[in-house]
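In order of appearance the chains are A, B, C, D and E, and numbering begins at 1 in each one.
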Amino acid sequence: MRLIQGNRMTAIILVVAAFLLLLPFVYESRNLLILLTQVFVFSIFAMSYDLLLGFTGIVSFGHAMFFGIGAYSMGIFMKRFEPTLTVFLLAVLTTIVLTGFVSFLVGLLTLRLKSHFYAMLTLSLSGLFLVLAEKWRTMTYGNDGFTFRVPELFIDRTNFYLLCLVVMVAVFLILKRFTNSPLGRVLQAIRENEQRTESLGFQVLHYKIAASVMSGVLAGIAGILYAISLRFVNTSVFAMDITLDALLMTIIGGVGTLIGAIIGAGLIEFAHHWLTELAKEHWIFERWIIFFGIIYILVVMFFPRGIVGTLSTLSWKRKQQPAVKKEEKIAG
Amino acid sequence: MSSLIETTDLSITFGGHTAVDAVSISVPEKHFKSIIGPNGAGKTTFFNLLSGQLTPTQGKIYYRGKDITKFSPTNRTRAGIGRSFQITNVFPNLTVLENVRLAVQSQAGIRYQMLFHYKKYRTFEEKALEWLRLVLLDDKKGSLASNLAHGEKRKLEIAMLLALETEVLLLDEPTAGMSLEEVPAILEVIKRIKEQGNRTIILIEHKMDMILDLSDSVMVLFNGRLLADGTPEEIMKNETVQSAYLGGLLDE
Amino acid sequence: SSDKSSSEPKDNGGKKTENKEPIKIGVLASKTGALESYGKQTLRGFELGLDYATDGKMEAAGRKIEFIVEDTETKPEVAVQKATKLLEEDKVDFLVGSSSSADTLAVLPLAEEYKKIMVVEPAAADSITGSEFNKYIFHSARNSSQDAVAGAAAIAKKGVKIATLAPDYSFGRDGVAAFKEAAVKLGAEIVKEEYADPAATDFTSNIQKIVDAKPDYLFVVWAGANSPWKQIADMKVQEKGIKISTGAPDIAALSTMEPLIGMEGFTVYYHDLPKNKINDWLVEEHKKRFNGDVPDLFTPGGMSAAISIVEALKKSNGETDADKLIKTMEGMSFETPKGKMTYRPEDHQALQALYAIKLEKKDGVAYPVPVLIRELTPDETAPPIRNN
Amino acid sequence: MNNDLLKLDKVETHIGQYHILQGVSFEVKKGEVTVLLGRNGAGKTTTLRTIMGLKPASKGSVTFKGEAIQSLPTYTIAKKGIGYVPEDQGIFAGLTVEENMRVAIQKDDEETAKRMDWILHLFPDLKRFWKKPGGLLSGGQKQMLSIARAYVNENELLLIDEPSKGLAPIVVEKVMDSIIQMKDQTTIVLVEQNFMMASTIGDQFYIIDDGRTVSHGSMKQLKENEEMKRKYLGIA
Amino acid sequence: MDLIINLALNGLATGMLIFLLAAGLTLIFGLMDVLNFAHGGLFAWGAYSGLWIYSQTGSFIIGIIGAILTGFLLGIITEKWIIKPVYGNHVQQILITLGLMLVLSEMLKVIWGPNQITASPPDYLKGSWELGGVIIIKYRVFIILVGFVIFAGVQFLLKKTKIGLVVRAGVMNKEMVQALGINIQRVFMFVFMIGAGMAALGGVLLGPYSGVIHAGMGMEFAILAFIVVVIGGMGNFKGSVLAAILVGLSGSFMAYYVPDLSLAVNMLLMAIVLIIRPQGLFGAKG
């Protein structure tokens, strides 16, 4: 039963992915392309966040730290060396090593700190990275940031669009497999009851670190793509706003669903786009941020478990088959 | 007699209050031992020390002659000491089946596998179902654990422990809150495991009839100290136990 | 609110000139976010500038001019997205913008990629015409070095001891570095450089150190809402014989400088400082259109950007080929509300006048008013060339 | 009306989309101890929670002293003089024993002080751990605290969910004594799996199965009727 | 010596100001366990409304009272419509309060315009005294006094009434508190209202302190308030006042002695405290 459902889900996703793959060849709007690229990048970032929040139950307020490391690694490599594919790969490697290392250390701290305290610690760590980016001016040019060239291949927006799409789908599949693997199930157990997981014979810390590193590295990759899409990087990549974006996208879409992170990213980016467009039509929308805020509030009221979370509960309720209850991931 | 679990001088103090006070016991292999004692005597705390939830302030714990005092709960479970909890302690937002499946998975040693779908391990699910059937909970396999009635949670708790198939079973009041009607079934399970003869069981209970029925030996904790350790008959005759623990109940 | 974002050309005559396509200008500005007031000043100025330079006809060399405004929200990623949209979808011939330096820097490479002229206004970072320069960039706004040179010119003399206070990020650090260079050149001595957390609520330590250094002047580089003025006054810095000097900001921020009345410094613009026809027109027209408001700090900048584009088009005969325009614009001088500006050929920085001023209390004005001490000529404020 | 202190009439309760109680009816006479019996998951706890308004009835009526209370908020119901000892003890883990008691106390008068003395005499352990966070108590001590919290107010009706669970035999005896002592002021509805306890202090019994009251009678009857015991309680 | 006194005095004043910002949050976040990202919004509304009333009436005191009332009102509305449905669910709290935060701070721009607004203290609080080398700024002394008054007031509320206890109990087990006859909903609303009122008070007092208010001030200072609540120990009112003073003093002294670290001082302080004492400086163990 569940398997069939799962397959249908995968089928839908594949169809959508194929559609997105063909899009740039049939539809000429560059603007849409860029918007979608942005959506893909943030989807990756939000999914990496969902792995922590939704599957392992770790709240981090400092996820921007990994995003920023990725963005700066790419920027600095491209600025300092020739923008070739080799250098690009080197930058990717550096990002993976750096984010892996930092997320490993940060993951170790989950041992010591619970909930709010861990969240605030990550907030302060990412704050320190922000200061570092500010102060290490010979490398980063301070908060104004710097522009850089990117490898030939990525200059073409269609190519880059496709790259981001492919990476996003790959990350989705990897995380899907990761969370549905025996290891992933243990992560959910940790989310539910850490102490009991321990006494079942699972080394909780190892899992938390695994999730943290996985999530950190993927966030770093999102940062890389972000930097390439802008060909510019400044300290804003370490800002709280970036973390909040991931948080919002994940929650709006539905925590612990992965696909929710993608939908959340799409929704926020498009809502943003439309609202700012509306600002040109009517003065009321010049303060479009108010409407944005109202959307958040309405989402909580009408989709308390995020869009995907709530919709899947509804459809499950409609079927009314208490005997074969689908496993539910709860938000919170 | 070779002892499987041995404690020497085991003590723990919480800010001035010594909850377990220099307890030295030795439990032979395939033995069934019960622990009784007034509320707050330190029984659960003693379990917490054995299973690694707490670290003793003093004393040592040996398992098969090996010092495991510094082992983490995880490693003790892996070494073969499993436990159930007095206050129900399950994964509230996972299904009953998934709760047990996780225990089966741990027992099978599949811990870091991240490349395959968990459904690939179909046998885990079947095994989990078997355990649920054993504790009469299979009809609830799809419910979220948080939605179970209290007694049902107790059964789940037991199923999870059994699924670990550890050599040592530490049972902390497994039947508290279980209905009169169903206690026998659970007792039956415990008895059967005992009869299979390859497990060592330590049981905390306040139900005397059960203790008398099952135990090879009974130890009595009192204010953290080991007051007595002996056969059920000996213990029942002990006057301190009668006056301070049992009260007049058995008179009826 | 009157700033329509995308203003269709006013229906003027409707006489089709031979040249087919209208010329399109994409304007990037912060209409929301931290710098929204700057963005709005620029936009008003830009619209007025087009009007002025085309005599209200909205055409140059026979071609119609259209402009499309996009909001960068003061976020670099949005700026890039909007700029690409302007370049790709609206196929604009020019970019103008934007309010924040980071937004602008992020967009600079796009101008190069699409080979379109970008007139930068009012972002001030030195790197725009420095390390991040490309030949499509023309900087009509003054840069931080010009500010600094002006600041130095207003106070630095042989033997004068100066301390500086600036926020601890690029803007402040660059500003002080440039100021120092200019001031030392004029014979002054920098006795203390203090940098403060831009979000700080307490400046005691910084002010204390400055007081201890016993300078003649305290030169402050500051931007943003959270400012040290009040505490400088509370800690009686002026009473200790230390004169304060800084750049006068826009009118909203001037009202926070009450405690600094009497200070000498410089400004980019205040509406009654320049004495010329264009400025008169600007002030009058601005008041007319925006119910009595006077133009503010960056309004003339927006106007200058527009004027420079129209002038260039006139000279190129409506030709929008970038290489040709670059040739035209390099070294081009044009009249603005601030007098004559010239795009320096080497780095495309517009050389322009700045003003040495003193803040005074004026009856009927709610905020301290910058009063002219002397005009600092474009030559005097010319910054070093740094684009290689 | 009659002298029923509490009356449930065909009460039905839903939790989410589950129909948990499907017709529970019983009457509790003033001054009596009424025992609810039944398998695990039969709906005993849900019945008590429905009376307390924690899981409001979707159908049927709950009448307390002649007044329908099924749609009142929990705190109002509690204020009417109904005390509750929940199955999971409901200890405020981060608060000390003392603070747990203070939250519970409704009136700060002499009566309360007297009751408090009585309680501390009943459960000396609580006094011993007066300043200890409730979450650190042993299982049995928590149970005592939970009972104590309900005892400290003057209640006309007490709903007690499995009090003997986790208590040492001697303490169970004390709790039984205490219930008998209170009988003249306080009426009690008790869910209890310890048949010895239930049968010693109970006056009436109701058996709940699958969310319905399926049988009832006086405790005396049940104690003597082996067949009923076997049928409903699986004991002989 | 003068220097030390100057730094200490101003650090203390800044600390007290931060405490005023954080006081409301210790109740709402620390005690009620609500991740209220809109706290900064309430705070900014206090600043705008209070200073507007001050400018209209000419009385600073009336302005302060007005700000507090605005805070109460917003607090009630917020609790009823925004927070009530999401008690106990942090994920939903984050989303809905962030939404509210956006609405609140943008509304400020709609009503009072996007520009920053100057704020100066009333004449009797203007200026400073100079004693030897020590400069004592009158307004800062005022802030310190208000800080103590608020501290004492809230401390009284928490210690002498059952409210603090009931709220903590309610967070741990809402059902049980109700079953003990307490209308926890009303208690929560009351506490939230007080918290919002204190946020507004913090806002209106900050205005004349820094000389200017702006719509972004909410977000800017809210993080500081969160830091203080966490390093003080969640829900520990005394802890948060000490933490605030610590933040104030360390900011002041670091800026003087280790200026290179001054940007990082708050984050560094928080990181160190959390790593060394995970439960917060003054939090209970566990």
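By our rule, a contact is a pair of C-beta atoms (placed from the backbone, for glycine too) under 8 Å apart; a residue touches a chain by one contact, two chains touch by 3 or more.
Computed from a predicted structure; not experimentally measured.
> Keeping to the contact definition above, tell me which chains border both chain B and chain E.
Chains in contact with chain B as well as chain E: A, D.
> By mean C-alpha coordinates, which chain is most distant from chain D?
C
> Please tell me whether B-D or D-E has the greater number of C-beta pairs in contact.
B-D
> With centres defined by CA atoms only, which chain is the most remote from chain B?
When every chain centre is compared against chain B, the largest gap points to C.
> Indicate the whole-number Å distance between the mean C-alpha point of chain A and the mean C-alpha point of chain B.
Chain A and chain B have C-alpha centres separated by 42 Å.
> With chain centres defined as C-alpha means, what is the inter-centre distance between chain C and chain D in Å?
Going by mean C-alpha positions, chain C sits 76 Å from chain D.
> Please work out the Cα centroid separation of chain A and chain E, and write it as a whole number of Å.
Computed value for the inter-centroid distance: 32 Å.
> Provide the list of chain C residues touching at least two other chains, using ranges where the numbers run on.
168
> Residues touching two or more other chains, restricted to chain A: which are they?
Only 134, 289, 322 qualify.
> Would you please write down the residue numbers of chain E that are in contact with two or more other chains?
Residues 263 of chain E touch two or more partner chains.
> Quick check on the complex: what are the chain A residues that touch chain C?
Touch list, chain A to chain C: 29-31, 34-35, 38, 134, 137, 141-147, 149, 155, 157, 226, 229-232, 234, 236, 276, 279-280, 283, 286, 288-289.
> What does chain D use to touch chain E in their complex?
52, 54, 73-75, 78-79, 84, 86, 90-95, 99-100, 102-104, 106, 149, 153
> Which residues of chain B touch chain A once you look at their complex with the stated criterion?
51-53, 72-74, 77-78, 82-83, 85, 89-95, 98, 101-103, 105-107, 110-119, 121, 142-144, 160, 164
> Mind pulling up the chain D residues that touch chain B in the complex?
Per the touch definition, chain D meets chain B at residues 15, 18, 37-42, 45, 87-88, 125, 129, 136-141, 143-144, 162, 165-174, 193, 195-196, 232-235.
> Of all residues in chain A, which touch chain E in the complex?
Against chain E, chain A makes touches at 53, 59, 109, 112-114, 116-117, 120-121, 123-125, 127-128, 131, 134-135, 240, 244, 247-248, 251-252, 255, 287, 289-290, 292-297, 299-301, 304, 331-332.
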